[in-house]
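The following pair of complexes shares a single chain, chain A, combined with chain B in the former and chain C in the latter.
Moving on to the complex of A and B:
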């Protein structure tokens, strides 16, 4: 049982944003929650899943975001409230379905929570999801603090049912992953009954078939729903204004940027000069509300992450209203007042405000800044992102790198998102050469594998994680086999969705709620699709190398090699080293010709470091995870392993 | 002799396309490896000097220094190098049978050297399909399994280095002239390692005018005889101008013109036809099938040949004078072509501050390249 279902109404708890969202969903009386893991969204489903036995909510980690949206939609069609959760780019995956869903409408309340990652703190993009609200023509809410994160979810469900369409509630990393005070509400008793009514007239939203066709009629209806939402937004409790009656500058903001803006105004002491309009309902904009504030001020600063979404929408309103309220001067991203990319922070807002108000502002004395810069240069060790000690990916990329070098045909690896994305960096020996969306490695390899007719004779390898395999690799693999593409797909089967915290996937024997589930056999699936399949343990360097060399030589169709070894942090491994390691510094060749620090200069497991005094390598017993791999790479036999008792 | 490091080796040899895959740089350390006839560098190594560079026969080979170390005098430029005697030879009845390339002299001598404990291991080159598969054997009985010429450049010395790592210090090596150039450099302790021990007790060189690139030959065979196993290859003496590939069912005669593009660029700057740095050099016997040309170069080689003859492992006969003329002409031709090519490429005696593939006294160079 997680802490989010404990606590009586009126009590105050310290909740992480994602916990607040989950609690809000429970207070809204949801029956179904579905999602796909992805930072910063994962804790929402995790918390709901942990309480599933208590709450009677059906919770699942779906195979991908589109399926999650479909699963949630089914609950809504059957009259239940359903929550659907994903990270920002998950919405791209789900968008095809979402477009049709939004066109056809929902019944039981359906709320989609995308968690965006401005600054790409744990993503390889900072694409955001807000513009989907405009594209899909559904209402968008953005909580500005932790309390709102909870309350807004409940409100969103009510809104969804009032307008008969899904509602988006967008969070960001700094809200999802930071914690704050939340006053609890009541979690209702559940007596939900599911029934899909479909025998009515086709256009009947409550009894007919669910679809976005006929488009002419349904699209007009969808627009009406949006207008209804806008009307409700005019009085929404999440739009607030603080500041003077007639400010010199109107700051319009939303989400976590509201906190940065408040702080910036406070630090500069502008409380009596700048007004802060914090919007919780950002699409469609409540026209009258925004007008009332624009009217009173000639200058506007818009603070938001990441694309100028709010800025543009407000500018459209301002242009429409200009004949009545006059032209406004805007400061925001498009004019360069605020950075166009990356995360927002109080400093950016302070600088913007200082420039607009012509104020001197220094966050620290100049001398201090200069000195700090020097200290950082001299004192901070250069640290790249690295795989954990004992991580199977280090061994896997070691072998992939080496076999491609031996193969000597300028071969390369196409990959996608997962811990193994770091294969693009030093820790993965710079082996990964393309990295895009989930499953893209396989799709791209499928394309490369057909270019032999244009003289391409390079060896092609695609990599994917086990969870990714189910998420988005299957269509690419099917495509490749059907079209006779030539490449090798390596599936890193580390038994879980390791990057996001070991959420189960269809290949495992449990589901999100911890109940037994039939595991799907990746090898069997690949075989059935028509690929040649082999399995190896990446910690067995020799066998893995030989298997890979053999597959690279077989230039006929698709080979799948499953690298099976669980993650070093997996619950069954953590803290239980397989081997006791020993490094004999007298045997170590160190910098001499014959080794030249292979283990600490190239292999670079954090468990190994260079002992300057003895001019030899040494094992850091605290960090070493006892995987034993370094013993097999040391050319001198200086590192030995002994099965741990 | 100037010794640089792996970066220079990568730049001047591997990336310049001059590598002949001899294996001298392989298995010394984790960085150079050979696979299917091609040598690859797996990771960069930052050392400024290395055995990889010092051993490589395609960069900074100082012929005068090498000749001084091996023969006691600077490189003379004579077509067939320093030698004591030349014989016609073939395996005697004591040596047993085998699928020898010509007279079986090489196999017979290696067998005898193992049996008489002159060497503790024999570094030989077998094959795996068309891919040469070097190995070290300690058993005389296994020697015939390595018989016959693989006309592909082979990483034979990877097996020598491996033997060294495993503790062998008295190995016998059979190799082509480039391979034995590397072995000769190896034996001069170029890195001046205080703990150096010469691991080689016998070198038998094979005559060679060119070899083929393994992967090129694989692709060629796949095109010309798809699905068929090539069992044996031989190159009949001029003026035949063909290479003969024997498969399980037929014999293919391929004009040398067709196969020449498969000769690695490294062969084109190789000045050695008769394996001048070996104890003994062995080639085919022109006009006399089933026999070998055997050049005895060192006292050690001489002693082995005598003993093997007494033990009836080897049958010796006088070498006809007119054959020697032809051999010298062929060897001198190869030298001239190689140095001319190297001069064209700017890789012989490069200017001060630049690196060279070959170094030799300019007067000797003049002599060798004069028509």
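Moving on to the complex of A and C:
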């Protein structure tokens, strides 16, 4: 149940950052929201979609981020307010369109919300989106807490309409997925009407065609818009200063780092010595505001994540102003005061401040910390990520790993993005050997599949999830078939975008708002492209193995094998085991069986434990999801399955 | 303005466990109870990839004044609720201090390193001793077992919230819990959760009386 439309103006709610952003979009009176799922951004579109029937907002999970940006832009061109949401690397996907959009401008307010993942808590990169604001030459805002996450969205829509261009509002995991206090505002009644005006003179921003050409004229106009934004930033309510009139050190920060910095200053008792300039408008920098603070202090600490974006932009400004305000000493990432990679936290800032002010700081008594560290070493075994109990991917990788061994040609699998990315780790038997962007597994396999002329005779497999297939695999597959590349594409069709919380994709019968939608048939599409297609159930180990062995032997063009089995957490499956599992410890021969503890040492489903006392495997009834696969793995027949009632 | 004062401001609580144990739900429910009482609550949590059988942690900061960093500074937890025993040890190493209160569910969740035999899981009495050594006070509750008796192991997370209410560390009670839970699920499910909350509170009181708890 969603709560973002509930609540009267003035009420305080505990909102996740993403809920605050979604509420802000509703208070801004948006008509359209589009995005592609990706942690930590997904809950923004999810919340808007859940309330769509009551808000009249059109909400969609687009096929990918570029399409999402195009869908949102169309609404803007027709005079409506539109929100576009994605995780950081989605901006890479959308950037070609966004560059042209920023060059041509927008009409109805358009706000792009990228959610970055410093520390790569749920990503395989910690690339960030802020530098896109500079590249695209559009204004950038960064909320510093949950209230701002809501309020800033509304402000961003107004700014977008004032300057006639897209505005970026960048969030990070520690805001998007954190929760805090938000005072609600009013959600306006909607009377939005869409009309795309296109019959005017080509240079007319309100009546002409929408494009970034003629470039000379439009680019200059775009930079004027940016200057206008900078002027508005000078008085923006999101830039605040706390601290003494003439501090010994000026801390400049933005986003969640503002909360870390404030707490660090408090813990070290530096309130009367260090000033905190928290910027909500980080590109272009409000020159006069920053100057006024730089003037009063010779030393500056910049706290941000991840690349030194703010640091470098402030340094450019400081260099330009140096003849008037003097040279400044900077402490930040480039001099090693703060770590260059990973996410920030209060302790990093405390360390930096303690070093600059020459203070001693210890987070807990040394004796305590030493004792606790020893306890962890002795008694908190590592907890590597693993596929959920009952996850089809464990069975799928079991088969892929085994057939490549049987095939015996040093075959390998090109990975892709989703839960199954974990196939690169222990839980997937280290089966994936390349892993890059969405769709890259198929593109890379397409390339490997053409290297036979150079003597490459290894078996090549690519994998893709069902949502990833629609997002970015299609062009790679088209390329491979057209060029006669030889490889097998395995599509893990688990009926949803599982990694991010089960958002629908174009292969399903339902859209983001829960309305019926025509499902696109992955097998039919692959056949139409010209691939040979077969379908199997990865829980049927024997049939899947035979299908894969046959396919690997074919070595003629592109084969697609669809492994169809829905996610263990899918709404239709969750909490409803298919089988009641039983393990007879009298039959399990443990170390004396020739299997070398196949079920626990090798298969490693969390639903199975090794019982030290009885020297036999055992089923953990709390965790087992009843998929039945381990019964087919145990050579001794100790594990049996019975259809659950 | 908040209805009652806190032992410290902010009061820092870590809820930890393994992905799938209901960590996020527990932190949200607790946060909502305290928000309704007028406190300013900040919660930082990690989910997404780490939901898949990894260690998970929610940081709750309860204040009468302001929003705090969504990450508690090292060594500054006032209380830790652990849904899994070895995760309590891991959290105390980073966020613990001699004054911390620890509430620990005793049921282990074996990581794949333990399942495969690469690492050993410590004996329960050993983990208990470590947690006692590292805490001002530690309570051990067989919450998962009690939840299984109720027919659903996941309810252990709610039992631990109930147990926290009985410590008196935070102004949380069964009325506050009921008000929040009944807004987010159907009446029959909410009633089961209230029952779990009360069982958790009673388990803690029994532990305080030195009785063996279920």
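Worth pointing out:
What we mean here is this: the second predicted complex is superposed on the first by the 643 of 645 C-alpha atoms of A that agree within 3 Å, B and C clash if a C-alpha of one lies under 4 Å from a C-alpha of the other, contacts with A are read in each partner's own complex, and residues count from 1 in each chain.
Following the convention adopted for this analysis, a contact is a pair of C-beta atoms (placed from the backbone, for glycine too) under 8 Å apart; a residue touches a chain by one contact, two chains touch by 3 or more.
Computed from a predicted structure; not experimentally measured.
Once both complexes are superposed on chain A, the partners chain B and chain C fit side by side without clashing. When the shared chain is aligned, chain B comes close enough to touch A:429, but chain C does not.
Angle at chain A between chain B and chain C, computed from CA centres in the superposed arrangement: 90 degrees, to the nearest 10. In the superposition on chain A, A:137 makes contact with neither chain B nor chain C. In the superposition on chain A, no contact is made by A:416 with either chain B or chain C.
Residue contacts after overlaying the shared chain place A:387 against chain C, while chain B stays out of touching range.
Between chain B and chain C, the partner in contact with more residues of chain A is C. Contacts of A:596 after superposition: chain B is touched, whereas chain C is not reached. In the superposition on chain A, A:128 contacts neither chain B nor chain C. When the shared chain is aligned, no partner comes close enough to touch A:305: not chain B, not chain C. Of the two partner chains placed by superposition, A:46 touches none, neither chain B nor chain C. In the superposition on chain A, A:151 makes contact with neither chain B nor chain C. With the two structures overlaid on their shared chain A, chain B and chain C come no closer than 11 Å at the level of C-alpha atoms. Taken together, the two complexes place residues 601-602 of chain A in contact with chain B and also with chain C.
If you check the complex, the residues on chain A that touch chain B are 401-402, 405-408, 429, 549, 591, 593-596, 598, 601-602, 633, 635. Of all residues in chain B, only 28-31, 33, 35, 38, 40-43, 45-47, 49-52, 191 touch chain A in the complex they form. Contact residues on chain A toward chain C in their complex (touch as defined above): 1, 12-14, 39-40, 121-123, 145-147, 173-175, 177-181, 256, 259-260, 262-264, 267, 345-347, 350, 362-365, 368-369, 371-373, 375-376, 378-388, 419, 422, 426-427, 499-500, 597, 600-602, 604-606, 608-610, 620-623. Partner chain A is touched in their complex by these residues of chain C: 18, 20, 28, 31-32, 35, 40-50, 52-55, 67-76, 86-87, 89-90, 92-93, 96-98, 107, 109-117, 119-122, 126-127, 130, 133-134, 144, 148, 153, 184.
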